[in-house]
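Naming follows writing order (A, B and C), and every chain is counted from residue 1.
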Amino acid sequence: MIYEVRNLKYAYKKGCPVLNGIGLSIREGQILTVLGKNGAGKSTLFSCLLGLRGSYEGSILLHGKEVKTLKEKEIASHVGYVPQAGVQSFDFTVFEYVLMGCSAGLGLFSRPGKKEEQAAEKALDLLGIRELSGRSIRELSGGERQQAAIARAIVSEPELVIFDEPAAHLDQANQMQVLRIIKNLADRGFAAVMSTHDPNHAMLLGGDAALFDNSGRLSAGSAAEMLTEEKLAAVYGSDLKVRYLEEFDRNVCVYPEL
Amino acid sequence: MKRKILSAILILSLLLCACAQGREAAPGSTGSGIVSSSGSLPGITDAAGRKITVRPNAKELTAASVYAVSAPFFTALGISDRVKAVNLKTGFWALADPALGAADTVGRGTVDLEKLAEIHPDVLIHRIHDEKTVEAVSRLGIDVICIRVESVDDVKNTLIMLGEYFGAQERAEKAIDWIEGEFRSIRKITDTIPEKERKTALLMGGRIGRAAGADMLQSWMIETAGGISVVKEAEDQSWVDIGVERIFAYDPDVIFLTGSTAREYTIEELYGDPAWSALKAVRNRQIFAMPAEKDPWDLPGLSCVTGTAFMLRKMYPDRFSAEDLEDHADSYYRFMFGRCFDKELELDYKSY
Amino acid sequence: MGREGSKKRYIVVMLAAAAVLAALAVVSLCAGKYSVSAGETISILGRAVFHKDQIADPMKVNVVLGLRLPRVLASALVGAALSLSGACYQGIFKNPLVSPDFLGVSSGACIGAALAILLGLGAGLISVFAFAGGILAVLISASVAAAMKNRSDIVLVLSGIIVGSLMSSILGFVKFAADPDTQLASITYWTMGSFAYVSAKELSAAALVIVVPAAVLLAMSWWIDVLSLGEEEAKTLGADVKRIRALAIVCSTLLTAASVCLAGTIGWVGLVIPHLSRMLIGAGSRRLLPVSCLAGASFMLLVDTLTRTVGAVEMPVSIMTGIIGAPFFLWLLYRRRERML
C-alpha cells in the first residue's frame, strides 16, 4: 500500500469543506482515475496527498507515515507529480527541466552529477523526446511540455506518479498520446493517479476509478463498477448516457443532444 | 530556522561593526591650534583633531581646496599664489584676487582625486566631517587640513593654524589684530545702546522657516551688532528648521536673510505674503538680505566683520551712518586685497 | 545544441568573460586623469607584488596602488555581488524583472548612512549604519509579509514596494534636514554610488561579508532553479522551500547591503547583467550565477573606468549605469519581446 487515506477533510474557508470525509487507498502498480466536475476537489485532494496542505483533518498515510509530518524530500522520493501546465518564468532547457526531477535525492549544497544526468536521459528516451533536450521549455507546444513534465516526474523512479488534469488544454491527438504514456508507465510498474473531468479518459485507461460527488465525497472502485450511467449521471447530470460500442468492445460516455 | 538566520545576520553585522570600528579615527579634541610634539618637528592640530606636521619649507608649500569657505583665508594670509586649485563661489574672488582666479579646480564640494594627484599640491584644505576624503587624499601622500569656521574664534584659530602651516604667521597675526580692532570699534558703538532700545533679530537661511542656530556665527553677529538674537534652538552650529510658526512666535524686530545663492525666496515674496503681514518686521519693512552680490558678507570668514557692521547699520541707522559702514567695508577690502572695489566692480556697498 | 555543446559553450563563455575582466582591470588601472603609462603601471604592480622598492614617481605609485587598485577591486567585487544577488532574487521570486534592492535593502542602507551623516558620525560608523539600515529594511518587508499571514511571493514583493517608498520618503526628509553645503554632498555619494574613496580596509571588510554569502549562493544554485518553478511545484520536487528561500534571501541581502556599504547605491547592474548572462548561457543557475558574477564585475569595472575618465568632473556611478543600463535593457526586452508575457 502506498497511500492510505482515512476520513480526510479539508476546507479553504471554515464551513465550506472541499474534501468532506474521504477514504481512499492507492496500491503499488494501480491505475486510478479521479473523476469529478471542475472544482469538485480533485486538485485539492492531490495537493493534500503531496503534502502541500498541512492543515487537513483525518489522516493521510504514505507508507504508514502521516504526510503532515514528512519532509518534502521524503514525499518527493516516493511520489512524482505532473502539475497542470503553468507559465514558466525562465528559459530552462528541457534537459535542465527534466533534471530537476531528481532534486529529492540532493542536499542543500549539492547539484546533479553523472548519475542524475543519466537518469534524465533515460527518462527522455522513455518518452521519446530526447531530441527536445536542448530546446527551451517555453518554446514547446502543449503536448511536448506535458511530455517533458512527465519525464521530470519519473526521473527519480518513484512508485507513484500523480497527474493533475494531464489532458487539459490538449487537442484530441495529444490527449490520447498522454493517456497512452500513462498506460505505458503503468505497464512498467509505476502506479498512476490521474484526474480528469472526462469519463471517457477513465474508460480508455481502465483500472480503477474514483468519483467525486458534488459535496466533497469520493467513492472508489474498479472502472467497470464506477463508470455506470447511474453513478456518472448523478455527478454530470441526468442527460449523460453510457453506451457500449460493440466495434471497440468498450463503453463510451455521451450526451445525446444539447 | 528563523532564529538561526537572525542570529547569523546579527553575528555578521557585529563582525562588520568590529572591522569598521577598528579603522574609526579617534575623534579627539575639536579645538584646533598649534602643538609641539616633543623633540620632533612642530605640528598643528586641525579642526577634526588630526595632527599635521609643519615642514621646514613651510613658505613654499602649495594648497588646493574644494571647500569654498577656505578661499578668504588664502587671500587673508597672502598665499593665493601658492594655491593650485580652489572652489570660488562668485566671480568676485577671481577678480579681486587674480592669483586665486588663475588657480585650477579639483571639484566643487567633492574632490576629484585623480585631478588632485595630477596638480599635486602639498595640502588639501577641507571641511570637517568628511573622513572618506581625508583618508583617500592621505593615501596620495598629500596632507589634509580640516577647517571649521562657525565662530569668530574659529576664524582666528583657522588663521593661526594655516599661518603656521604655510609659514605666514605674521600675516595671520595681522589679520587677527585687524578683526579684533574692527570688533572693538563696533562694540564701542553698541555698548552705548540702552537695553530697552535693543532690537530683536534672527537670520533666516536658504529656506523659509530655516534659521541660524543660537550657536552659529550668524547669531553671534546679531548679538555683536547690538541686537538680541531670538533663536534659542541650536543644532551643533548648523541651520535649524524651526518652522514659520516659531518665527511668528519670536516676532523679531528685524529679520536678516542669508546672502547665499541657495536662498529659495525673495524679500518681496515675504512682504507680499498676507500671512506674513502680522509680523513686526514685515509691517515696519525691516527685512534685509545680507549683501552677497559679489562677496557674501554673512558666510563664515573674515567678511563676518562687514556683515556685523551691516547688521548694526540696519538695526540702528541713527547710531551708525552709511559712511561708518563704508569705512568698515573699505577697511575690509583694503586689508584683504589692498584696494576697494566700489567703483570698478559696481559693488554698491556704500548705499547699503 | 547538445549537452556537450552547451558545456563547451559554458567553458568558452567563462573563459571569455574572465579574459574581458582581466583586460578591463588592466585598462582601468592605466586609465584616469592622472596619466601613468601601461608599462609604468605594470612595473608598479609587479614591484608591489614582489615587495621590491618602487622606482617610479611616488605619486604614480600612490595613484596606482592607493587609488586605482582598491577601486578596480572594489568595482569588480560590487559588480559581481550585485549581479549574483540580482540573479538569485529573480530566481527566488520567479520574476526576471526583480532587482536586488526590491525588498528595500538599498533605500534602507541609504537612510542608515544619511542618518549617520546627519549625526556627524565617522566613516566607519556610517558604513555600519548603512549595513544595519539595509538589513532592517528587508526585515521590515519580510515581517510585513508575515503579518499579512500570506506566504506568497507577491505579498513579499508588495511589502517590499511599500517599505521601499516609505524609505524613500524618510530619505527625502533626512535630505531636507541636511546641510546643503556639506552633508548633502555626502548623502548624494550614498544615493548615487561611487568607488572614488574606497580604501583597502573598507574593501577587505566588505569582501569578508561578500565572499561567504556568495559562496553559499553559488553552492545552492541548483535549488534556486527549483524554487523558480514556483513554491508548490518546488515542494513536490522535494525542496524545503521555506528554508531555501530564507537562506537565499539572507545571502542576497547581505551581498547587496555590503555592496551599498562599500560604494553606495548602484542601480541597474543587478537587473541587466542577469538578463545578459541568461542570453549568453541560458537560465540554469549552475552556469548562470558564475557567468553573472564575471559579467557583472566586468560591467562595473567598465562603468567605473568611464565615470572617472569621461567628462571634466567625476560622475556618480548610478548615473553612468543608468545611461548605459536603460537603453541596453530596452534592447534586451526588444530582442525577447515575443517571449514576454
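As a working rule, contacts are C-beta pairs under 8 Å (C-beta built on N, C-alpha and C of every residue); 3 or more make two chains touch, one makes a residue touch a chain.
What you see is a predicted model; the values in this text were computed from it and never measured.
*Asks:* Please name the chain that ends up farthest from subunit C once chain centres are defined by their CA atoms averaged.
*Replies:* Computed centres place A farthest from subunit C.
*Asks:* Can you identify which chains form the pair with the largest number of contacting C-beta pairs?
*Replies:* Per-pair contact counts point to B-C as the maximum.
*Asks:* Please indicate the chain closest to the centre of the assembly, with centres calculated from CA atoms only.
*Replies:* That would be chain C.
*Asks:* Where the CA atoms of subunit A average out and where those of subunit B average out, how many Å apart are those spots?
*Replies:* That pair's centroid distance is 78 Å.
*Asks:* Taking each chain's centre as its mean C-alpha position, how far apart are subunit B and subunit C in Å?
*Replies:* 39
*Asks:* Hey, how far is the Cα centre of subunit A from the one of subunit C, in Å?
*Replies:* Chain centroid spacing, subunit A to subunit C, equals 43 Å.
*Asks:* Hey, what residues on subunit C touch two or more of the other chains?
*Replies:* Counting only residues that touch two or more other chains, subunit C contributes 243, 247.
*Asks:* State the interface residues of subunit C toward subunit B in the complex, per the touch definition above.
*Replies:* Against subunit B, subunit C makes touches at 32-35, 58-59, 62-63, 66-67, 117, 120, 122-125, 127-128, 131-132, 135, 176-177, 179-183, 185-186, 189, 196-197, 199, 201-202, 204-205, 208-209, 242-243, 246-247, 250, 254, 258, 261, 308, 313-314.
*Asks:* Tell me, which parts of subunit C touch subunit A in their complex?
*Replies:* 1-3, 5-6, 91, 94-96, 216, 219-223, 225-226, 228-230, 232-233, 235-241, 243-244, 247, 278, 282-284, 286, 339, 341
*Asks:* Which residues of subunit A touch subunit C once you look at their complex with the stated criterion?
*Replies:* For subunit A paired with subunit C, touching residues are 47, 50-52, 71-73, 75-77, 79, 81, 83, 86-93, 95-96, 100-101, 103-106, 108-112, 117, 133-134, 138.
*Asks:* So in the complex, which bits of subunit B are touching subunit C?
*Replies:* 1-2, 5, 8-9, 12-13, 15-17, 19-25, 27, 68, 107-110, 112-115, 117-118, 120, 127, 129-133, 135-136, 139-141, 206, 236, 238-239, 241, 262
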